[in-house]
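Chain lettering (A, B, C, D, E, F, G and H) follows the sequence in which the chains are written, and residue indices restart at 1 in each chain.
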Amino acid sequence: MISTPDQFTIAGKQYSSRLLVGTGKYKDFAQTHEAITESGAQIVTVAIRRVNLGQDKSQPNLLDVLPMDKFTILPNTAGCYNAQDAVRTLRLARELLDGHKLVKLEVLADDQTLFPNMPETLIAAKELVRDGFDVMVYCSDDPIQAKALEDIGCVAVMPLASLIGSGMGILNPWNLQIIIDRVKVPVLVDAGIGTASDAAYAMELGCDGVLMNTAIAKANHPVQMARAMRHAVLAGREAFLAGRMPKKIYQGSPSSPVEGKIS
Amino acid sequence: MISTPDQFTIAGKQYSSRLLVGTGKYKDFAQTHEAITESGAQIVTVAIRRVNLGQDKSQPNLLDVLPMDKFTILPNTAGCYNAQDAVRTLRLARELLDGHKLVKLEVLADDQTLFPNMPETLIAAKELVRDGFDVMVYCSDDPIQAKALEDIGCVAVMPLASLIGSGMGILNPWNLQIIIDRVKVPVLVDAGIGTASDAAYAMELGCDGVLMNTAIAKANHPVQMARAMRHAVLAGREAFLAGRMPKKIYQGSPSSPVEGKIS
Amino acid sequence: MISTPDQFTIAGKQYSSRLLVGTGKYKDFAQTHEAITESGAQIVTVAIRRVNLGQDKSQPNLLDVLPMDKFTILPNTAGCYNAQDAVRTLRLARELLDGHKLVKLEVLADDQTLFPNMPETLIAAKELVRDGFDVMVYCSDDPIQAKALEDIGCVAVMPLASLIGSGMGILNPWNLQIIIDRVKVPVLVDAGIGTASDAAYAMELGCDGVLMNTAIAKANHPVQMARAMRHAVLAGREAFLAGRMPKKIYQGSPSSPVEGKIS
Amino acid sequence: MISTPDQFTIAGKQYSSRLLVGTGKYKDFAQTHEAITESGAQIVTVAIRRVNLGQDKSQPNLLDVLPMDKFTILPNTAGCYNAQDAVRTLRLARELLDGHKLVKLEVLADDQTLFPNMPETLIAAKELVRDGFDVMVYCSDDPIQAKALEDIGCVAVMPLASLIGSGMGILNPWNLQIIIDRVKVPVLVDAGIGTASDAAYAMELGCDGVLMNTAIAKANHPVQMARAMRHAVLAGREAFLAGRMPKKIYQGSPSSPVEGKIS
Amino acid sequence: MVQITLNGAVVEIMSDSFTISALVAIRGLAKARVAVELNGAIVPKSQHSLTVIKHGDKIEIVVAVGGG
Amino acid sequence: MVQITLNGAVVEIMSDSFTISALVAIRGLAKARVAVELNGAIVPKSQHSLTVIKHGDKIEIVVAVGGG
Amino acid sequence: MVQITLNGAVVEIMSDSFTISALVAIRGLAKARVAVELNGAIVPKSQHSLTVIKHGDKIEIVVAVGGG
Amino acid sequence: MVQITLNGAVVEIMSDSFTISALVAIRGLAKARVAVELNGAIVPKSQHSLTVIKHGDKIEIVVAVGGG
């Protein structure tokens, strides 16, 4: 049993929620805010884009909806296809967020799969670590390269469960298991979660956390799914800590006493 | 979104918890009580056995630990291998519980698989319904016989996910899906749940509830696993109601806008 | 190693091919004949239907295309939804085939799932065995009722892998495994095979044979798929007899010597 | 239907067998020879090791058992953990085999997982292609790096199905599917095949071939398993070409006519 | 005028001494492999020529067709 | 000397006017939640004090225990 | 007449002593949380009022938006 | 007295005009299919008889063995 609250630490800061969420694909900021509040997430990802010079300046900004004093803002490099663009984007993010160091690096290979470009990811990670960033890195489930990213100095490795936005769930739990066994920094499943049981399963494998966006934002009822995911991550985490019963492939085992039956 | 609390009804009585738990295999009554309290279960199964005439009468009885005014007691027929023994056992249970009508019928085929004996189960179900019992029935995942049990008048059908005590999880979700699509009374997965994600998955399929014992009692830390299961059933239920995102087998879909990237 | 040819026996007759095929859903008799010839099947199922009194009498009959001296004809009860119709149909089949005793019993529950109606199947099986038929019986994957069908005297039990015509493959290998472990008469997977690896997998589980129709007849190229299935059943059977390597969940094992490397 | 024999081409040479086998882990050369003959393989992998100066010179050499005029010998770099060792090993192989250019590159990351070291693999592949080798390359199932290896000039890419020697089968068919869709040179599954249905499944996904060693050599009866694998690869290939029936998740479809039933 | 039900359809026969064999023959099934059921009971081939069809008889004539 | 079978064990009772209530009481189960079956038939609690145990009776006394 | 590229679009400015601060202000972004890049290099907020825009400058002004 | 490293082991040769061919021959490998590396560089078969082994040379002689 855990008497102390079950926290986890990224880049020296403790968090009680192991569910990280994206802020894209919502109907409007109201839904974004309600869903993220229900999710209980403390870390939320944002993208960096050119200011829309045409837009009405009175309309609220995302950071008004998700204030930096309430949430840890995690700027990402979504849409970057090489190391240079990713590094440049995160330097802008750091300036934008007053020197904020915690970032999510993702260098994509193509816009059809959004699969990570691992060689460019390794280059960008080296450069960002050298430049003083705390890098959480989206990567493939290759255990060797995940370990290499830790060795470079990334503060968390975030292998995909399946393609970004696919909702296919965890396609290769075995590779994730090897990563979890070998990597000391937090391992978070990023991308591919489709529903609550996927998130619970990821946590049962021993992941330190789960990052998702589409599974919540594109559910029929995003706010309710956000709540489902909060429970799912807690469920999976508790189950991992509780230590599941062994599987018995064949023989059933009665839950009621075999003695004392009437006859 | 559901504004009204999400309740479900068995034999005319409403319950807010969709997790039903067994009371067997615990270290002691203290652990039984703590685990069941953490699980949030409102319906708990008990077995009927000969009183141990040798035992110290001062030691507490299970129904002192789980009082009938706090829990709905669900007597089962664990250990019965034919219809006659099952019916006889539940008549004793009804007398024992002051005319209590809600019971769990399980007629087992053999002590190796604990697989339901469906022909005997159908016979016993008919007899018990005729005798005025509200019958929740453990059955195979055969959609036709599950429907037949509803037609006989059972108040809930409870197909196995996998063998009792095996912890193998849901081996054939397709059959469960057909049962859920066809049966109007509550469908609960009974037997085979091994960990939290199994329970969440069962609820995502559209089950009305989940019944388990070993998964909690035989976890390394039963009380913590009980809490995990409470969250898991909530997670799966909310996810089912929220309506999951569609799976996209191949193409990834970005969670960040594709416009406005710097260049 | 097996030096003697690997034969299997049904109702006292030996067969070298463990692939049984249906004769329905083909474009024409020419395709039927070519596909079945390529499949290498020795036992082929046929349905019993009212003669089409309107049709041109010059057109060939199925039994001209698949002569009884070359193939073992296995009349089925497809389309029967109760024991009485099934028994009546097979008595007609016996008369039609000059006293032929080997039959395939299938009593369906409804035309949406084509799932077996097990209670009616048990009734029909008893009646047919009493009446001297050699009964191969289509059934659910319930290990208890499969064994009951053997005890009744059926010469082969044929559990479904998944719904007839669904091509979903083997949904619950665990139940099949229990049936194979417990039933002494030949166990054949009937229904649900979709492609070659499904058939190989069924045989690797230890099935004595596989019966299919749609997987071949509704492939883009039925004749080629028939050949694929012939190889698949051989492959699965040989693999079962050869005894597969143990799975090692985690650690890789080199296939090349670790000594003698240059340095 | 395919009228022309179904051949595939690697580095300009045609092969009729799509099963490639390793030569390690066998009891003796007699078993090696018998198993490989039964497998029908035309391409066999060998390792390069220091000659055992102590051994009796009269004992046969592997290349006497598998003569170069009968088999295409594919020297591998098993046991190499960096690009330099791999390149050096294959240059020795080329000298050993009279200028033979077709080689299997594998750069391993560690001796526990034998997972490919992809960064080193990319480096070695470039060097070997520049040096005139025809490179078949063992790689992870990362679709992006598999494509990169094609772009470098490798003549075949060979992603792992699961860890070398694990026999876990195909853990992530989705990634393999993407590789097969994108890469124009032959794609062969290398490593992880455990039994016949695994090989058939790999071919059904559209792989051009399968390479295995342990699944055959460590079966209880290697020669029989070799035969099983020959059939399995044919079965999977034919099924792929034949075009499998569509899966119907729910509704069964009868294989016998619904008209003309007696009544 | 004998009225019977043949494979579910009402049919009239112009004779009251018409046998199963005759019925099978005029239907062009003399050489075909068929089985015949009369009022729910099998009529063995050996009995076809001896079995006279009566008014109101229900007759089924079946063949083997493609099925799985 | 009344001999009965109680929960499968042969037991002797020193009286021929001994009731179910008395049996339950001397077994220390007066306050316990139990159910009693006499020769295969339930004996309602209301009948315990009226039901005299006879030689050869088969009696089952059951309780609820932990089970799943 | 200063011509610059602002977020990828060609823009003209009627002054040759126009600062980043002024640009941000007239675009109504004075209170907004933005970051500015000038010819590929970050311009810290502290430098906005000191940085004069020159003909041909490439300027990016970015914000945080919803993303996953 | 020429000392070399042969397949990782230190070996001594009683001649200073000893060729690769001679080394292969006395090792009984004349007819065997082997490849030879001298100080990290391949020695083509055609050069074996022309290549004299010098003190301190590192020589590898390899063969093909079973592997996957």
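Rule of thumb we're sticking to: a contact is a pair of C-beta atoms (placed from the backbone, for glycine too) under 8 Å apart; a residue touches a chain by one contact, two chains touch by 3 or more.
It should be emphasised that the depicted structure is a prediction, and the values quoted were computed from it without experimental measurement.
Traced through touching neighbours, the fewest hops from chain B to chain F number 1.
Here the spacing of chain F and chain H, counted between their Cα centres, is 97 Å. Centre-to-centre separation between chain C and chain E, using Cα means, comes to 33 Å.
One inter-chain figure worth recording: chain D and chain F are separated by 74 Å, centre to centre, where each centre is the mean of the chain's CA atoms. Residue numbers of chain D whose C-beta contacts span two or more other chains: 22, 24-25, 47-50, 76, 78, 88, 92, 113, 115, 163-164, 168, 174, 178, 213-214, 217, 249-250, 254-257, 260, 262. Looking at chain E, residues 8, 37, 60, 62, 65-68 sit in touch with two or more other chains. Across the whole structure, chains are in contact as follows: A-B, A-C, A-D, A-F, A-G, B-C, B-D, B-F, B-G, C-D, C-E, C-H, D-E, D-H. Of all the residues in chain B, the ones that touch chain G in their complex are 254-257, 260, 262-263. Residues 1-2, 22, 24-25, 47-50, 52, 76, 78-80, 85, 88-89, 92, 111-115, 163-168, 191, 194-201, 204, 213-215, 217-225, 227-232, 234-239, 241-262 of chain A are the ones that touch chain B when the two sit in their complex.
By the touch criterion given at the top, residues 21-26, 32, 45-51, 53, 57, 61-63, 73, 75-76, 78, 88, 91-93, 95-97, 164, 211-214, 217 of chain C touch chain E in their complex. Taken together, the chain C residues at the contact with chain A in this complex read 174, 177-178, 249-250.
Taken together, the chain B residues at the contact with chain C in this complex read 109-110, 113, 115-119, 122, 140, 142-145, 148, 162-163, 168, 171-172, 174-175, 178.
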